[in-house]
Amino acid sequence: MTLLRISDLKTQFPTPDGIVRAVDTIDLSIGERETLGLIGETGCGKTVLGLTLMRLLQSSTKTEGTIIYKGTNLLKISEAEMRRIRGEEIAMILQNPTTSLNPVMRVGGQIAEAIRLHQGLSKRDAKEKAIEMLDAVRIPSPSIRVNEYPHEFSGGMKQRVMIAMGLACNPSLIIADEPTKGLDVTIKSQIMKLLKEVTEERAMLIITHDLGVARELCDRIALMYAGELVEYATTGEIFEDPLHPYTRGFLGSLPSNGLVPIPGMSPSLINLPDGCRFHPRCGHATELCRRKHPDMIEIEDGHFVRCFHA
Amino acid sequence: MLEVLGLTKYFSSGLIRKRYLRAVDDVSFKIEKGKTLGLVGESGCGKTTIGRLILRLTKPTGGKVLFDGIDLFALNRRELLAIRPRIQMIFQDPDSSLNPRMKIGTSIAEPLKLHGTIPKAKRGQRIRELIETVGLNPEHVNRYPYQLSGGQNQRVVLARILAMNPDLIIADEPTSSLDVSVQAQILNLMKDLQKKFDHTYLFVSHDLDVVRIMADRIAVMYLGRLVEIGETGDIYDCAKHPYTQALLSAATVDGGKERIVLKGETSSPIDMPAGCRFHTRCPRKRERCTIEEPELVEVGRDHYVACHLV
Amino acid sequence: MHQISKLAYYFVIVLIILSINFSLPRAMPGDALSYLTDPGADIPVRMTEEKREILLAYYGLDKPLSEQYITYMVGIIRGDLGWSIYYSAPVLEVILGRLKWTLILVGTSTAIYITLGILLGATSAWARGRKRDMGLLISIISISSFPSFFLGILLAIIFGIKLDIFPISGAQTAFATYSSPLEEIFDILHHLVLPAATLVLSHIGGTYFLMRNSMLGVLGEDYIMTARAKGLSERYILHKHALTNALLPIVTMTAMTVGFMIMGTIFVETVFAYPGIGNLLYNAVSYNDYPLLQGIFLFLTIAIVGANFIADMIYIRLDPRVNHE
Amino acid sequence: ENDGVAAMDSDKTVKMAGGTPGGADWGYPAPFTFYPRGPGYSRMSLLFDTLTWKDADGVIPALADGWTVSDDGKTWTFYLDRNARWHDNELFTADDVKFTIEYMQDHEGEFTWFEAINYINDVQVIDDYTVVIDLNAPMASFLVDIAGNVPILPEHIWCDVSDPRTFKDDDAVIGTGPLKLVDYDSAMSSYQYEANYDYYDGKLLVDEFISMEVGDAPAALKTGDVDEVSFWGSEIIAVQDFKDNHPEFTIVTGPSFWVLQVIFNCDADDTKGYPTNILEFRQAIAHGIDRDEIVSQVLNDGGIPANTGIMHPDSIWYNPDCAVYEYNPDTANDILDSLGFTEKNSEGIRQYPAGAERSGNVEFYLYTTGKFSREAGLIQTDLAAIGIGIYVSPSTWGPIDDRLKAGNFDMVISGHGGISNPQIMRIPSWPASTYQNSEYDSIFTAQEVEMDLDTRKELVDQLQEVVADDLPVYTLYHPYMWCVYNPEVLDTWFYTRDGIGIGIPLELNKLIFLARYGDANENGEISMQDVTKMERMILELDDESDMADANQDDEINMQDVTHIELIILGRAPIRIG
Amino acid sequence: MIEGRKILGSIGLGILTIFVIVAVFAPYIAPHDPHQMYRPMEHPSSSHLLGTNDIGNDILSEIVYGTRVSLFIAFVVSVISMLVGTSLGLVAGYFDKVGFLIMRVVDVVLTIPRLPLIIVIASFIRPSIWNLIALFLIFGWTMPARIIRSEVLTLRRRYYIDATKMIGGSDFYILWRHILPNVIPLVVVQFIMEAIHVILAESGLCFLGLGDPVAMSWGMVFHYAFECPIIYVSDVWMWWMLPPGLCIVFTVLGLTFVGYALEETFNPKLKNPFGGMER
């Protein structure tokens, strides 16, 4: 069953230098309890997509398309209704745990405030719940830790707190933006283990550029390039049978795959190349690629690719 | 080429009651000419500090660094200035490695200017050469760092370093802030340059996959100490130290094997545990580990491990 | 340990400033008695050498400097600030006489301008770039461009003279008989309006700008986004998350400007003939009244250091991070 | 019989603006705690009486109804008022006088305006109401400087006070004066007095008197916040405004007994005094300064060019025949040329003659307090025209005082009051401290002890001529003072002849609060009618012209009245002057 | 927003330019010699646009010449404060030990009650322009030094500083070529702050009668106006007190606008209020 269906989604930032087309015509869906990985290079629009789903971008942003969540279009409802959805239905774990926690507020309070708001619990009960949540994300002696401040937590523990905050109201969908970024390898393993448990019960959109993370956690993977999706398939297919040249390049540039780089660099989102956005870096680019912008096509069942030559 | 003997650095803090942070503790290793030593370990274990100590950007507490037989710590200011060009370092963050208010060309020209080895008239020529060597366009010369991408800036850094004709390059996580595809470009470039100019590398990274490709030998650090050092192949195939094993299991992309998830977090380098520094997280901890600090012992050809269990 | 070194630091600062207090007036030309012969609008005191010496001895000013210094320090430790030569009264008494009014004036206006500055600054930051922000910004920049004495005079002319709704001098109607304490309070407030308004207007800019900047910085922080992502209302976020963080620099700034604020009233006091410390200092300077000068400086130093100390304490309460370096 | 009630009904309060902003506080009005400035003294003098006092025409009896002086001028006998009482209802007696003088001697210098040591030998009490004061030497100004200056203290209160400067109890303000202190607030700079209805020497015209600080005096007077405001010198602008636009207020003009002067360094030692120690040089400067312009521009004609002999034209000591230095740059130039200061640089500044103590441009600093920098500016311009370069250096009084004391200056502009009293001309405490002239000193000493008024006046005239000729200082101007008041509240404001006390020029004389017995028809003024009415009443005389001028000075004035009173009381007064 | 910044900046620059022109060309702009005396207290007329003051000087001419004095003091103090403050800030930020010492001195100077001390000293020294300048300088350097030091402390941690050391750049070279250019924006903003401060402080001292009566700055014109006994009770204030007061206000306003525009341009933290992504 589809939990969230995004169609034709566009997000644009008007800036003095021009319009930044950070998210461009994205179609995606996430089923219940499905874990979707969103992968792409820096600046390709992953975070913006996440924030667009939460409607957390500043008002000057232009958003088009539809985001149907459990039958309602999130882009059409009022801000108040949206606030109810945030945290309770869809939770987002932001990119950087160190800066994403309020430094002057106790960790427990930060977890509890959403619980109090959405579930109407008393201060006391909310705190109990917060302790429970900290325990759930394996923070030792949670009843002491609730009363501490973020700076008393290590990086990995802050990420756990972020996850606990996301889980607090038991949302149906969690958007996790780079949940393992900046963590040490051994800590990363711990967090991944935790995320794996989390994904068993609810749908999750994991934004990352770490393929290892995606491979281990996700059911399906979407690859994003310059604001749009270029390939979208199950994890197995992406890794075993990548169709888009960018996907192949991306996989090939992994150290374990021999470190074969994609030449050139990603385009600016203000000045996108005509035709296929990847063509300047693509080894197989033809005249057609230079002229015409390819559409997403379903090559196999559930395997979408944006390439004329796939 | 480079021999590090008992290198030690304690940072002290506090005016009245001094507290010592043992960032690097009695570290010894050798790098042969034209070879690469990979240095891996968790954040804060002292990798960067070792690099800075060798360059004498940080004052050492103890130990010796022999570079081509010259004791770097015994040099006076003048001698140091003379030898510094031969040892260079690439930093973690390319964006802050370049003065934001200086044009790329000026930045690259700076070492030439400061050393005056090349007459002013020929500098332009040399800069063009360097720029080509690192795969940039001549038009980039007149740009500012913020107008280039991270990968391009890291190339500029490389060009600048090449201008000095160094023998030893210390690369401190040169790609940790770059995308995988860009990382591949830079790493490949570094490899090419090494072949071409016969550079010796001390390659610092927290990513074992990267180190595997780059390094001839690998040194693994934990909390300021070397725990294991050996040929790359040996380390990957038969790691002896439980910490190295945990790192390896966490690193590989293709899942397969069961992960070794270490519990807890790295101890603080200020309140170091007695005995083996790793015992707090070690899955195979023994009584002895909590009392006695293990020494590096040779377990294979050029393969040393500091663990009571081997 | 951190606290101890902080205290030691304050101690050294106070010591240095006390020594400056002591030496400065003495380093200045003229002595404590020269005011007696000052050519004012009336007759000078005829001062023979004998008389001068008798008076200097009376005030202990004939002793060697080192001895005066020791007396001064010992006096301070014992809480005895000396005897004001001009006012012919204990320095402490003279200062305390004015302190009440200074505190009323500085206290009310500080409370108002800080609250108002915080509110307006936050409003402005919240509405950044919109009309309300620009309007506030430009009006506050404009008001802040007025020297306080100019502002005071304009207010006095407009509200005191032309409209004649507020008194323009004094802190209270002289020797009025009040039928109730309420009436007295009203009278004091009535006199307070213009000077306090002047102070508020001329000081609000600092707080406003700091708050606006600080708030803008905070609003850009990731934890604000996190709070939004939790579905919290804007209002709640503003109060619970943004304000506390944005207030941190305000605390420091307020402490740093306490001394400035107390002395800044000198202009307002001059314009509105308000009996305060600023005016007292001015007189002490005019009459070379060493003990009084020293006393005022001591008081100011204590106020400043005390304010900084309190700010440190508040800071520790507000920002849990400072305890850990 | 219900006078008191009547007074309560029509409670009359007089309010006066106490001074400039920040400066209306003149200290606790006890004898040792007021700030030693004129306004402080005047506020104290409302509470404490002296043996004699002054009104608009000169010395009058106060606590002493009459007095005699011995022929050698050393022994003064005072006959005291038998009705005087202290505010706490204790009787005032001769013991209080003796106590006061001795107390002042014990606390030498602490009552800043009186030096007991040098003058007073002994005080004897003859009976309760007769006291004899023995001096070390004759003292011409005794009646003014001591009898009219020293506040008499109640012995029963002060006998236990060891440090009078710290004594600020309610008791410290118990005097015999016409007013009693109700409240004083240093911070608010305000004084509140109430009438002493039992005053021995006249009926009180007011019930309450308040001196307070106002932000803007003219505004306060117009709004009725105060009933009287005084102005000084260039503030004539405001007086003019009242004159032109507010005829409902009355204006009284008074002399300030104040002079602004250029002080020259006359030190005979050339290393210090050259070239201002050359008389002709000083004269040239005097000719070079346009005093009329200073008076008209800086003072807005709120004063007059000064008497070169210091004493104020409105004072009895004025010598109208002192040398006058016409403003005439040509004369000045001629003098300077003749002195050898002939060469000029490109800017027209003269050079010192060869071989003189100084060389180069004739340029000096003109030190002055910031207040007089505008006068200094004009002098700068004037002197530039005669080839003398001036740098104006304004500062506060302290540094200038230091320079004067050390003789480290060329020219200073400074002023002082008290020029109704020749004693001010004592060197070296008078600003001309570098001036040395033994002739001058001997004349000064002679006038100090000369008891005969005419002879003393001659001596003072001579002093003035010496000053005018020798120019140790060159006087610039005398400003005037104005008292602007609302006559409906109180119409008795006046300026005291030669100032109150030792010469304080202020309008706050306690007599304004009194309807003296002389005001028989109670019109608030002492006039011919009062005297004659009273005389006729009491002496049952018919001839009006005969007795009115009791002291026969061809004028009807206060003295006549008190004279008559004394006759009535059976004690013949001693003629003054 | 960007527009607002630009508009304010240009308005500010415009105001300042006008005042600078007035200062430079004062002799050509002033209708009269400011020392020339006419009839005192004249009301505005065609010959004296702002009337004359109590001693008959043409008020307009006084104000025109006053521009010179006021701007000169502000300019000199700010320039020297900046030079000293910047150099000390650079040194203090770059060299730890010297820095510690300098910062302790700064702490003490900043804790000393500034205004009262200025009042005390000002009342004793000869209040000439140069003395006033010296007086403001005692304190002027501290804030810039402190602010610049903290900036240097962060700049010093940038890798390009280490990189320059590696290629043999001396400390002086690094300070001059790499750190100084990066603190220039701060210096400019601080320069403006200091200028504002000095303009206000100088006028304040003048108001209290502690200014240089020989050099008529706006503050002094204002002071004499305030001393005039009929300033409240007549309309004189409109042409005698208002104009110099407004000159001060507009100069400060101009400086503030320019400073604000610069700060908005320089301060990257303010650039993206919704950021958190872009940084």
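Read from first to last, the chains carry the letters A, B, C, D and E; within each, the first residue is number 1.
The rule we apply is simple: contacts are C-beta pairs under 8 Å (C-beta built on N, C-alpha and C of every residue); 3 or more make two chains touch, one makes a residue touch a chain.
Only a predicted model underlies this, so the values are computations on that prediction, with no experimental measurement involved.
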Exercise. Which chains lie in contact with each of chain C and chain D?
Worked result: E
Seminar exercise, completed: In the contact graph of chains, the distance from chain A to chain C in steps is 1
Exercise. From chain B, which chain is the farthest off, judged by mean CA positions?
Worked result: D
Problem set entry | Whole-Å separation of chain centres (CA-atom averages), chain B against chain C | 55
Exercise. Distance-wise, how many Å sit between the C-alpha centres of chain B and chain D, to the nearest whole number?
Worked result: 91
Problem set entry | For chain C paired with chain E, centre-to-centre distance based on mean C-alpha positions, whole Å | 22
Problem set entry | Contacts with two or more other chains, residues of chain A listed in rising order | 51, 94-95, 99
Problem set entry | Interface hub residues of chain C, defined as touching at least two other chains | 28-30, 156, 161, 168, 221-222, 225, 270, 282, 285-286
Exercise. If you look at chain D, which of its residues touch at least two other chains?
Worked result: 216, 219, 396, 398-399
Exercise. How about chain B: which of its residues touch chain A in the complex?
Worked result: 42-43, 149-152, 179-185, 187-188, 206-210, 212-213, 246-247, 249-255, 259-263, 265-266, 281
Exercise. Can you list the chain B residues touching chain E in their complex?
Worked result: 52, 55, 57, 81, 84-85, 87-89, 91-93, 96-102, 107, 110-111, 114-115, 157, 160, 163-164
Problem set entry | Residue ranges of chain A in contact with chain B within the complex | 41-42, 154-157, 184-190, 193, 209, 211-212, 215-216, 249-250, 252-256, 259-263, 265-266
Exercise. Within the complex, which stretch of chain C touches chain E?
Worked result: 9, 13, 16-17, 20, 24-25, 28-30, 125, 128-129, 134, 138, 141-142, 144-150, 153-154, 156-157, 161, 168, 213, 216-217, 219-222, 224-225, 256, 259-260, 263-264, 266-267, 270, 281-282, 285-286, 293, 296-297, 300-301, 304-305, 308
For this session: Using the touch definition up top, name the residues of chain E that touch chain D in the complex.
Result: 35, 37, 40-41, 54-56, 123-128, 209-210, 212-214, 228-234
